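Got some structures for you, see below.
Both complexes below contain subunit A, partnered by subunit B and then by subunit C.
After this line comes the complex of A and B, so read on.
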């Protein structure tokens, strides 16, 4: 049996204005379907013991919860080794309902950017207003990070978690490391 | 640079988060159409100086298509509206008329 490893094997960048590190493998499940349908909300409530997130928001705390991806898609986070059992439970709960549930754990890479200037580091790379008033805890944003798609949310006031495609992992890690280099603070937020 | 608001996920972002999809509200002609109709559908596009209607896709965000009305000279965005719309909505047309009296686009004014 092969041993699953994260895309960059837990790469770390420290010593800059913000710390960047790769998050260990995380269970991720894509659920597509009519998010307003009672059958789907019931399935999510019973399997995840949580609600379907509102548009542009996430219910992720620590490494569990769900995030709103588009009007017909949510991303479910769980522990890596629980992904297949969560998937099976969701499939069972949605049996016969028009929905798609897929385990995408190995298709993604995940990073954290931490430190007081974390908003600036993200602001250098994404066309998003990240001022503390505009981007608050509980919000989830899919956007462009330099040249690749990415999504992020706030773990706490000074920490972002970023997810991107696994094939973009090195590129995104390099981007975040360059953007958090020492002395590169801008001081806008 | 355009600042667009996606009517699907209500996110306001600049145009690099979106992708343009060409002119809006085209009527498609396929097999069985006359050659002239097919030519018009395939090649003939508006190239206005002023009010224009376009399709856009929120490609780095929710991934959905929508419509946008904008001015080609000032890059002012008059509004965005859902993709499931066959013609520019009346309220939006009235708003544009206030800002650009006498505008004309493909039979709408």
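After this line comes the complex of A and C, so read on.
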């Protein structure tokens, strides 16, 4: 089998008010099911050694964890080459329980936006209150980024991780680069 | 003449001279100037020609309300028409040209319209150009297009960038005059997140020009101090050069920030459109002075009284050296005082108030030696391109001249109108304030939010409080009320107190003189920009246009780029008078956003160039681009239409790809097709409802072609369904249908069958998918090695997981071409590698990639339908002869009931057939077949239409499919399709399967 290739093969934008780069392929698994059911929370706990995230929140640290997607869906993050084994472990733990577990690692592209104005860059594209008081570490937001769906969370105070559909990767990278252009700081936060 | 004084001009930096050109002539000004103030400083009073009569026009105002001073700004990629000189900050190298003149500003040939004014009354165009009909197209319209329009359209792409910004705050205060500043200061104490925006580059509004004392200090000090205090607060955001453009439902506001209009070419976006959600909005938008309607009130040099003051105080510029002030209120006296104090001559104040007694202002004027003529008015203005004098008459009367006064400027004031636009945008109502003769916001009828709560509060002059002391009090109270609306309390505290100046009440003056005869009325302008006069509005009333909205459209009053900021109230007062009814009964026209025009660039934001629209790309996209792909948009995807080789015409590429796929081997990037996982104990039952066919009986490992209908019975999508295991299916959709069908499934599951145990997931982008098609398909896959792809191991309409050439794949034996065909799905991150591997392995078997047009022809040769070609939202599967795919056994499926309705079972529904032209030519797409006779409209009856039509390289002839009345019963009949330019295509009705009717080729 060939080496897996991320959508933009690690594209980088620098020299603006924030840096933007594509992060390497990330293991991603969609889990749909009754998030309150003990079978599910136990399966998540045993496979991920973590909890099911609360609405609007994520447990992701160091590229691992889970994020709340909807009342019956979470997104699980793991290393790209662990996606199959994590998927199998979840399926096993959920055997006989009504749930959908599916690998979507290749369906996505991931970017980081970093620098003190990162909140402003995101705020140009997403209709979300990104003031430091309103959007804090541990929050996860599914939203619209200009004309396409996207989701993001904070890796640290100045860094967002953004995920989008793989086919939109170039568009989202271009958007973030345009929004990070020199001289475009908003100076509002 | 207008000129710059050696002193004065609080906004100027006289250390820094700036150079610019106007109509090619070189001028200079200072940093801090507007284009208007610098033109006036250079005695360039004439700035443009009017729209209809091409009359010479000069600057009337000093702010956003300016109707006359519109110019074509900039060059090339920075050219922009209709820029107001009064709001354009001067920068070095600015170039501007006046508009609407030919051949030159000084000598304009269109002025002949002015002589014909008598023949160009309101509604002239409506009356004149209706007959004779053909004249419109060939004579009237070209003529009007030639002479109409203000600025020119830009010819080059915009050189600048733009962006949006989403912002959230508790309280948004619009307007940075003293009302806005005080409101922000009060509101900030609540701890709420406050944002204060100001459309100009300066804080304090006109208070700093008009003067006054706050807490014993000059008002400038108050402004400076308040701005400094606010800037130091964490919970307050201050922005200048940012206009509140529009107020919309639920506290949504558009803010238009002009970042670099005064610094063109510097790095960064030119404009930023703020999309703000505010808990509550305070509009502190001030007031606008009204002109007076007298004959010749548009002659350059006739200026609003407050604007005269603005130019003098802010820019050290005097409009004239001898200025007559004409007014109906006390405020204009301030202009007389300012001019007098600057050493300029004020020959008289014509105060139209008939009952004017001894007032404070009058005494102050007379103490300066200025003559006050009470009860007097302007009968007419002398001069053409510049005021040379005025004729004075009594306000009460028809205009008998009592005296003439030589002057080179007239400062007029008809009173003030609160800027109620933003209050009104989202439904705030107004009330007529008879004492002050203006409409003011009715606090009981504010724009309301989701719970019926008011979400806009007005403060200061915008609320009708025109005096400094009243403005500060009103702003403080407004901020408290606004904060309370969003649950914030503000501790009682002392608010600043301004010194009160006593003012005598104004007297409304809508026409000057009151009984002006028609000769005067037809020279008394209401709307400068659209050339609407008092006589036009009166004519509209006479002709029965009683509604203010009708009169507006008939006369074009208030329909120009300034949207009637100066003319609205004067116009509707004239209309009310003509109709003999009170002003509040006439009401105002509707205030719509934006407050002043905003750039198209700001509206588009970042969406231009590469990011104008999202383009979806498959993992193989770049390979296609490098191999001659001629792109076709399919939804947001770009798919190769064909791979064009050097020296090849597009249609030759398509034909080559079709023939090669039939004879050897073709590869198609099928990654864009939708893939939806449906899983759960109730998945079989669910898919039986979704598809017209039976999906519950499909065995794991097998595939079935399915049709999906809306609940109205119409065919909405099709595709191959693969059963992965007992509880899991993978449903293929059309390329454009993936999101739509996913949503369709979710909707039924969430709303109707919420108790069914089914989950769906759209995994379209997880996989790259390659169709390997043609007689050599199996051999190519076998060369890759890995899984068994023989007929026995992987039969037609089966799928299997395995490896091919080291790739983990899922192989489907499905065919949309009628050939031996596999679709190979692989994780998207390996898509390009698999594609290249297949190209390599296929080399020995004559492999060529093929595009969507070849795909279409291949399927049409086989009579396979295409969603969007054979269907258009009104077609049911039965129309297409797909009855075999509609289960008779199922109790129900979406569309079943609808398809049983009388209209759906009508034998007269057009049905799908194949069409073979007798000549072998290709019928034009969308052609209609004509039948006997005519319909009720006298048109030929039609009996069918073409849905797909191609040149088939395989058969070397034109083939088509179409929907035809009684089509399947008319095999062999010849019908006629008129084409363009007199051509008619005769076609024989045949079976839609043109190639390999037995299906032997795909099942080998």
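The definition used in the following text is that the second predicted complex is superposed on the first by the 189 of 189 C-alpha atoms of A that agree within 3 Å, B and C clash if a C-alpha of one lies under 4 Å from a C-alpha of the other, contacts with A are read in each partner's own complex, and residues count from 1 in each chain.
By our rule, a contact is a pair of C-beta atoms (placed from the backbone, for glycine too) under 8 Å apart; a residue touches a chain by one contact, two chains touch by 3 or more.
Quick caveat: nothing in here was measured; it's all calculated off a predicted structure.
Undergrad: More subunit A residues touched by subunit B or by subunit C?
TA: When the residues of subunit A touched by each partner are counted, C comes out ahead.
Undergrad: Figure out whether A:107 sits in contact with subunit B (first) or subunit C (second), or with both, or with neither.
TA: second
Undergrad: Between subunit B and subunit C, whom does A:128 touch in the aligned arrangement: first, second, both, or neither?
TA: In the superposition, A:128 contacts both subunit B and subunit C.
Undergrad: Can A:170 be said to touch subunit B (first), subunit C (second), both, or neither?
TA: So A:170 only meets subunit C here.
Undergrad: Touching A:142 in the superposition: subunit B (first), subunit C (second), both, neither?
TA: first
Undergrad: Just subunit B (first), just subunit C (second), both, or neither: which does A:11 touch?
TA: neither
Undergrad: Taking the superposition on A as described, I'd like to know which of subunit B and subunit C A:184 touches: first, second, both or neither.
TA: second
Undergrad: Please work out whether A:2 is in contact with subunit B alone, subunit C alone, both, or neither, and reply first, second, both or neither.
TA: Second partner only, subunit C.
Undergrad: Would you check which partner chain A:120 touches, where first means subunit B only, second means subunit C only, and both and neither mean what they say?
TA: A:120 sits against subunit C, while subunit B stays out of touch.
Undergrad: Should A:79 be classified as contacting the first partner (subunit B), the second (subunit C), both, or neither?
TA: After superposing on A, A:79 lies clear of both subunit B and subunit C.
Undergrad: Once the two structures are fitted together, what part of subunit A is touched by subunit B and by subunit C alike?
TA: 127-128
Undergrad: Using the touch definition up top, name the residues of subunit C that touch subunit A in the complex.
TA: Checking each residue of subunit C against subunit A gives 161, 163-168, 193, 237, 266-269, 272, 275, 277, 605-607, 610-611, 613-619, 637, 677, 679-681, 757, 759-761, 763-767, 806-808, 827-830, 832-834, 837.
Undergrad: List the residues on subunit A that touch subunit C in their complex, please.
TA: Those in contact with subunit C are residues 1-7, 25, 30, 32-33, 72, 98-100, 102-108, 120, 123-131, 134, 146-148, 165-171, 174-175, 178-179, 181-184, 186, 188.
Undergrad: Mind listing the subunit A positions that touch subunit B in their complex?
TA: Contact set of subunit A toward subunit B: 55-56, 69-71, 127-128, 141-144, 149.
Undergrad: For subunit B, which residues count as touching subunit A in their complex?
TA: Residues in contact with subunit A: 8-11, 13-14, 16-17, 60-64.
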